[in-house]
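Right after this note come the structures.
What follows is subunit A paired twice: with subunit B in the first complex and subunit C in the second.
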Partner chain A sequence: MTADTISPSRPTGTALVLRHLRRDRTFVAGAVIVALLVALALLAPVIAAVVGHGPDAQFPDIAIDESGIPITGGHGFLLGADALGRDVFIRVLYGARVSLVIGVVSTTAAMLIGVAVGLVAGYWRGWADAVLSEVTNVTLAFPMLLTALSIAALNRAPGGSTYVSPPVVVVVIISLFSWTYFARVVRGVVIDVTNANYVKAAIGAGSPSSWIVLREILPNTAPSVIVYWAVQLPTNIMAEATLSYLGVGIRTPQASWGLMISEAQTSGLYVAQPMMLIAPCLALFVTVLGFNIVSTRLRAHLDPDKKG
Partner chain B sequence: MRNRRTSAVIALAAGAALLLSACAPGGSGGETAGAGAQRGGTLKIASVGDIDRIDPLQAYTAEAWTVARATTRQLVTTSGSTESVGDDIEIVPDLAKSWDVSADGLTYTFHLRDNAYFSGASTRKITADDFVYAIKRFADPNAQVGAIAYYNALLDGFAEYGAEFAKVKTGDLTAVKEFIDSHEISGVTATDDTTLVLKFTQPANDILEVLTLPFVSPLPEEVVSKYFSDSLEFRQNFASSGPYYISSYSPNNSLELKRAETYDAAADPVRAAYADTILIDTTVSSADAVAQQLQTGEADLPLYVRSFPATVISQYQQTKADYLHTSPGGQQVFLSINGISDGTSQGQKGLKELSVRQALSYAIDKSAVVKAIGGSSAANVQGEILNSTLVGHTGEDPYATTDNAGDPAKAKQLLEDAGFAGLKLNLAYRTSDEFTKIATSLQASLAKSGITVNLVPVPEADYWAFLADSENADQWDVALATYTPDWQGNSARQILGGWLDSDYASPGAVWGIAYDNPDLNAAVEKAFVAKDPEAAWQEANTIATKDLAWVPLLERVVTVPTSTNVTKWTWASLPGGADWTNVAVK
Partner chain C sequence: MTRSIGVRALRMLLTILLVTLVAFLLTKVAYANPARSLAPENASPETVAQIAASLGLDEPWWVQLRYFLFGGPAIKGVRTGLFTVPPSLGYSFREQRPVLDLILEKIPVTASLAIGALVIWMTISILSGVLATRRPQGLFDRASSTVSYALLSLPVFVTGVLLLYFGYYRLTLAGIDVFPSGGYVPLTESPGQWARHLVLPWLTLVLYEVGVFQRVVRGAVLDVSSYDFIRTARAKGAGWWRVSFGHALPGALTPILTLAGIEFASILGGAIVTEQIFGLDGVGRLAVRAALTGDGPVVIGCTLFAAVVFVVITAAVDIVIDVRARRAR
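And then the complex of A and B:
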C-alpha cells in the first residue's frame, strides 16, 4: 500500500523522507534555488512597482541612445534595457512567472493524462494495454518541434489573431508530448503492484476494480510519479522557452525568456547590451539547474528503483 | 512634358557626358578607377536569399532592380550619384541616344544607338523591335508587368491590347507567341531598327521617369519566347542588354555576372562597369552574417538586408566611417487607416473624424519609434505624406510635437472633445522583428493618451492580401504600412495619384486605403499636367497631410556598409542603394 510494499528497505513515512531530504545538502541547495526563483516570480509586481518599471513599460528617452542602442545599466535599470527601452531585469522576473506557470500546469496535465493511461493499460492489460501502448509509441514518434509549428500554424485565425490563446496552446503541446513518460512509468509500476499478494487478495475478495485501482494501486505509483513530475518540469520549462524562441509560444509584448533570447539575437543588440541575452539565458539555466538538482535528489530518496 | 528643345539639350548633355566618360579614368580605355580603384576584380555580394525576380517584366523590388541595373538597359535612365539617392534624378540617355517630343506632348520618338548588343543567351545587336516585344509582354496573362497601371493609363492602345491578351489560354507559350506576333499596340511602333515611337493618351510630366523603370528593357523574342517568365530556364538563358550577363546561376546558391566581352562602354555613358565579375552568394542567412562578411572582407556589398543591427552601424561609425554610406530617401513607414470598413467599431467610427486622426497623430512618440528600429542612422521622423526626396515635399509637419515625442495631453483633449475618450484600436502589423518593435512601441506610446491598442500580428507573406481583403476589414483599424517610391524626384504620381486620388485608386487595394477627398483629386489633376509640377504636388501633399490620409511615422535612411575593398561609391536611385555598375573594388 506504500512504497515499502515494493521495496521494504526504503524509509517509510513522509516525516522520514523529509528528514532525509533536509540532511541532503545538494537537495537543500536545489530547493533554495527553486524557492528563491518562486519568491522572485511572486514578488515581480512588487519589485516592478518599487523600481517604477512595468514589464511592458518603455523608456526610450532614458534607456536608448540616439543610435538606438539600449543602456547597459543606470537610471534604475539593474540589468540595462532592451531594444524598446524596457527593463531587462523586470522582464526576466516576469518571464519566470510565465515559465513556472506554463511548466507546472503542463507538467501536471501531462502527469494526469499519463497516470490515467498507465493505470488503465497496466491494470486491465489485454486490448486496452495494446491500444494505449501503441498510442504511446505513436506519440513518442512525433517530432515535437515540427508538430508544434504545425499546430501553431493551424491556430492562426483570420486576421492574424489565434483561435486559442498561445499560452494555452503551449501548455497543450507540451502536455501532449510529455504524458508518455508518465504513462510508461506508471504502467510498469501498476503491473508490479498488481502481482502483489494484497492486490490479488483484494481481487479474490471481489472488490470492484475501480476501488482496487484507486485505493490499492494508485498510492503505490505516487513516489515514481512525484519523481518524474520533478524530472519533467525543467524539461517542460525548456520546452516553453524553445517554443517562444521559435515564435510559437508567448507573443510580444508579454515577457518570456525564450522570446527575450530571440529578440536579443534577431536585433543583434546583445553585442552592445549583453544582458539582453545573458539575463534570460542565465535565468533559464539557473531554473533548470535548480529543478534538476531537486528532482535528482528526490529520485534518489523516493524512486523505488533508484539508489541514491 | 518635354519639348524638342529640352530633349535636344539633354542629348547635347548626354554627348558631353559620353565624351567625359570616354576621357575619365576607368572609362572604356582607362585601367584605373580613381583613388585605389582598379578596373577589374570581383565585386562580391552577400545576399540574404535568392534574387526574387530576374526577368525585368516582373522585377519590382529594390534588390531585383539592383541586379537589373547591371543586366538591363532602358531607353533613358539616371546616371548614378555619389551624393545621395535623392540626388540621382536627372534623366539621361541610355539605349536611346536622343528623342523628340511632339508639340502636343503625346508622341515620343526615340533614336536608338546602333552599337549596343545583347550578351548571354543572345549576342546580336539590340533593335527597336526588342523594345516593342518587351512592352508587348507586359500584358501576358501568364505573368503581367510589375506596374501595369502606368502603361494602362499612359500608353495609347495598351489597355485594349491587354484586354485581348487576357483571353489567351495561360500555360501555353505557343499561344502567347502567336498572340504577340499577330497583335500590335497602337502606341508602340518600331519604324526602323533604331527608331521607336511611343504614343501616349495624355501629356504627363513624368513619362520619361516611367520609362527609366527596368520594365522597359529590350529583350530578344527568339530567346525569351521559349521560356515562361522568370522560370529557371529563363534565368539560365537570360539575354542581357546591360554590361553584365549571367554566366552562371544556381538557385538558392549563387548568381555570377560577368562583364560582356562585346560590351562597348562608349555606347553606355552611364555604367562604368569597373568589376570584371559580380559574384552574388545567395546563401547568407541573416543581416548579422552579412555584416560579419563585410567586416572581414569576405563580401563587399550587402543585398536583401532591410536594416543592419544598430551595433554594426555604430561600429562602422566609429572605425570605418568611410565605408558606411547613408542617404535619405528610403522607405516611408506610416499608419494606414482602414478605409474599407463600414465603420461599426468604435475605432473605425472614430477614425472617420479628423480630430480623432489628429489625436492619433499627436499621441504617437515618433522619436521612440525611430529609436526602436536603430535611431537616427536608421530613420528620420516623418511628418508628411511625401518623402523628403520627392517633388512636392514641403518640410512642414502640421502635427509636429516637441522633440517628436508626442503630446499625450493634446491627444487626450482632442479625443474627449470628439467623444472618443478611451479609444480602442486594433493595430495590424507584419510579424517581422522590426515591425513587431514598431507596433509594440506604438502600443506603449498610445497608451499614454488613453488609447488602448490591440496588436494584430499577420504573417509577412499574407500581410498585403490581408489588408486588401474587405472580409478582414472588421479586424483592424490601423495598420503599419510602407511605400518606397518607384523612382525619386517627380514620383508623387504613384503616391498621391495612384493611392489617394479616388478618381484613380482602387478602394482598399493598397494597404486598405480608401481615401476620398475632392480637393486632393483636383490638386492631383493639376499636378499631372503641370509643366513644373512642384507647386501643384506641394498643394496636394499639404491637403493629404493635413487631412491625415494616413499618419506618417518615419522615413528610413538608406544605410549601406561595405567592405574596405569598395571604392568609387555611387548611389542608384531606382534600387535606392549601391550602383553595382559604378562602384569598383581595389
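And then the complex of A and C:
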C-alpha cells in the first residue's frame, strides 16, 4: 500500500468536494461569471471579425463626430468609440485576454516559487528556513508599486521602445511580489505533514529526502495551494490593471482595462462618452468579483481551517 | 521579553539593511547615468563626465554604497550617510534639496490620509462585522457579506476614478460644490478644509479596506464565540452587545490587529494610487515623480521609508499582541 491510497484527501475526497461545490449556489454563480468571461476572451477575435472592428483599428471618420467627440453608439459600435475612434466593446473583450493571461501566468509563477521555497524551508528547516524567512521579510517590506516604477524605468530603451516585452515585465513584477503567501502556507503544511507517521515511516525506511518531499509531502500541499492560487488570482488581476493604469504595465496600442481607464481619464472625453470609463471599470469589477466568489467558496469547501 | 524584543530589533535592522542594499542596486541599474539626465539636452560627454565626477557618481557602486551608508563627500553642502548622526538620505539632484527633508515634508499629507482612513474603515468594519455575527446567515449577515464581496472586487484606482467622476464632476455639474477635485490643506491651517479635501481619498481607501476587514472581523468573532469564556459570559446573563463587544471582540483581536497593521503600514509608506488620483502631495506622489524623472536618491529614500514604516508598524503590532497574550495568561 502506498501513501497515496491512504491519503484522506483523494480520490474520494475530490469527488466529494465537487459534489458539494455543485450544490453551492454562490459558487455556481461565480463559476458561471468566470466561464462566460473565459468564453468571451476566447471568442474576442471571432466577435471582432463579425463586427468588422479590429482591437487597434481606428475609425476616425465614422466614430468621431465633427467636434472631435467619440460617438456613444451606432455604426456597429455597441459601447461607442474611444478618443482614437476605436471600438470600446472590442477593446474590452481583448482586455479580458490580457487580464486573464497575465493573471494566470503570474499567479502560477508565484505559486511555483512559493511552493519551492515553502518545501525547502519547511522540510530542511535550520539555516535554509532562516535565510528564506529573511527573503520573505524583505519582499514584504518592499513597496511593490514603487519598485515596479523603477523596473519600468530600467526597461525604457532610447526612442520610446522597451528592452523586454511589457507583459513579461508585468508578470515578473507581480509574481515577485506575490509568492510569499504560497511559501508561508506550504511551509506550514510541510511542517505539519513531516510529523505524520507515514512520513516518519518513509524517513525511517531510508527513502531519499527528494523522494519524500516530492512524493509524500508535495501532494499534501495540493488542496491549500489550489485554494491560495484561486485567492491570489483576482488580486493579481487587480495588480495588472493598477500597473497599467499607472503607465508601467501594458502599453498602448495593446488593450488593457487599466490602460483604457487611464486613457479615458487623461483625455477627459469620458465626460461625453462615459462608456470609455464605465465599460473597462465594470469589466474589471465583474471579473474580480467572479474570481473572488469562486475562491472564497472553494476555500470554504477545501481549506480545513476555514469554515463558512 | 527584553531578549525577544532585542532579537526582533536585530532582525528588523537586518531586513531594513537588505532592503537598502537591493533598492540601492536596483536604482543604480535602473537610472544608469543620472549625470546624463541632469546635464542640459545637448551637453558634451565631457560636461556629463564632469557633472558625474563632481557628484561622486563616477565611483564604483560599492564606493557609492559606502558613501550612502557611512558618509562621503558632501554634495552642495549636504552630508550623506545613513548611519551618521543625524542620519542623511543624500541629496536630490532634481529637487536640489536633501532627500530626508523632502520626505519629512510630505509625511503629514500621507499620514493624514492613512490615519483618517484607518479610523473610518476599522469603525465600519468592526461594527458591521460584529453585527453580522448576531444572526449568522441572517439578513444583515448576507447583505453585508454581499457588499463586502463587491467592495473587495473594486481596485482602489477604479474606486478613486469613479469617486472623482461622481463625487466631484457630476456633483459640481449639478451645482453642488461639496468636494474639491484634489489638493491638500494642512490640518493646522483649517481643520474643515483639511477634512473636506480628504473625504474622497479617505473613502477611496475605506471602501476597499472595509471589503477586506468586514469578513475578517466577522470570522474572527465567530471563531471565539463558541469558546467557554463567551458561554460563561452569556450564562452570567450579559446581553448580546456586552458579550460581543466586551468579550468576543477583544478575544478575536489578534488576526484583526495583524492585518490592520499590514494594511495601515502599506498605505502610510506611500498611497501611490490614491495620492496620484487626488493630487495629494504625499510620499507616494514624491516617489512616483522621482521614479518617472530618474531621481535615484529620492527613489531609494522613499523605498527605505516605506520599508521602515512597514517593518516598525508590523513589529509594534506583534509586540502589542504579545503583551495582550501575556496579560491574559
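What we mean here is this: the second predicted complex is superposed on the first by the 295 of 308 C-alpha atoms of A that agree within 3 Å, B and C clash if a C-alpha of one lies under 4 Å from a C-alpha of the other, contacts with A are read in each partner's own complex, and residues count from 1 in each chain.
Everything that follows uses one rule, which is that a residue touches a chain if its C-beta (ideal position, glycine included) is under 8 Å from a C-beta of that chain, and two chains touch if they have at least 3 such contacts.
Just so it is clear, the structure is predicted and the values come from calculations on it, not from any experiment.
Once subunit A is used to superpose the two complexes, subunit B occupies space next to subunit C without a clash. Contacts of A:226 after superposition on the shared chain: neither subunit B nor subunit C is touched. Contacts of A:252 after superposition on the shared chain: subunit B is touched, whereas subunit C is not. When the shared chain is aligned, subunit C comes close enough to touch A:141, but subunit B does not.
On the chain A superposition, the C-alpha centres give an angle at subunit A of 60° between subunit B and subunit C, rounded to a multiple of 10.
By the touch criterion defined above, A:149 reaches subunit C but does not reach subunit B. Contacts of A:65 after superposition: subunit B is touched, whereas subunit C is not reached. Of the two partner chains, subunit B and subunit C are each touched by A:271. When the two structures are aligned on the shared chain, A:242 is found in touch with subunit C, with no touch to subunit B.
Touch criterion met: A:284 reaches subunit C, while subunit B stays clear of it. Looking at the superposition, the partner that touches the larger set of subunit A residues, subunit B or subunit C, turns out to be C. When the two complexes are laid on top of each other via chain A, the two nearest Cα atoms from subunit B and subunit C are 5 angstrom apart. Residue overlap on subunit A between the subunit B contacts of one complex and the subunit C contacts of the other covers 271. Note for the complex: subunit A touches subunit B at residues 56-58, 60-61, 64-69, 83-85, 156, 158-161, 247, 251-253, 263, 266-269, 271-272.
Here subunit B touches subunit A in the complex through residues 287-288, 291, 308-314, 317, 365, 367-368, 370-378, 405, 428, 431, 433, 436-437, 440-441, 443-445, 455-459, 462, 466, 471-472, 475-476, going by the rule given at the top. Of all the residues in subunit C, the ones that touch subunit A in their complex are 11, 14-16, 18-19, 22-23, 26-27, 29-31, 136, 149-150, 152-158, 161-162, 165, 169, 219, 222, 266, 269-270, 272-273, 276, 284, 287-288, 291-292, 294, 299, 302-303, 306-307, 310-311.
Within the complex formed with subunit C, the subunit A residues making contact are 134, 137-138, 140-143, 145-147, 149-154, 234, 238, 241-242, 245-246, 258, 261, 265, 270-271, 277, 281, 284-285, 288-289, 292-293, 296, 306, 308.
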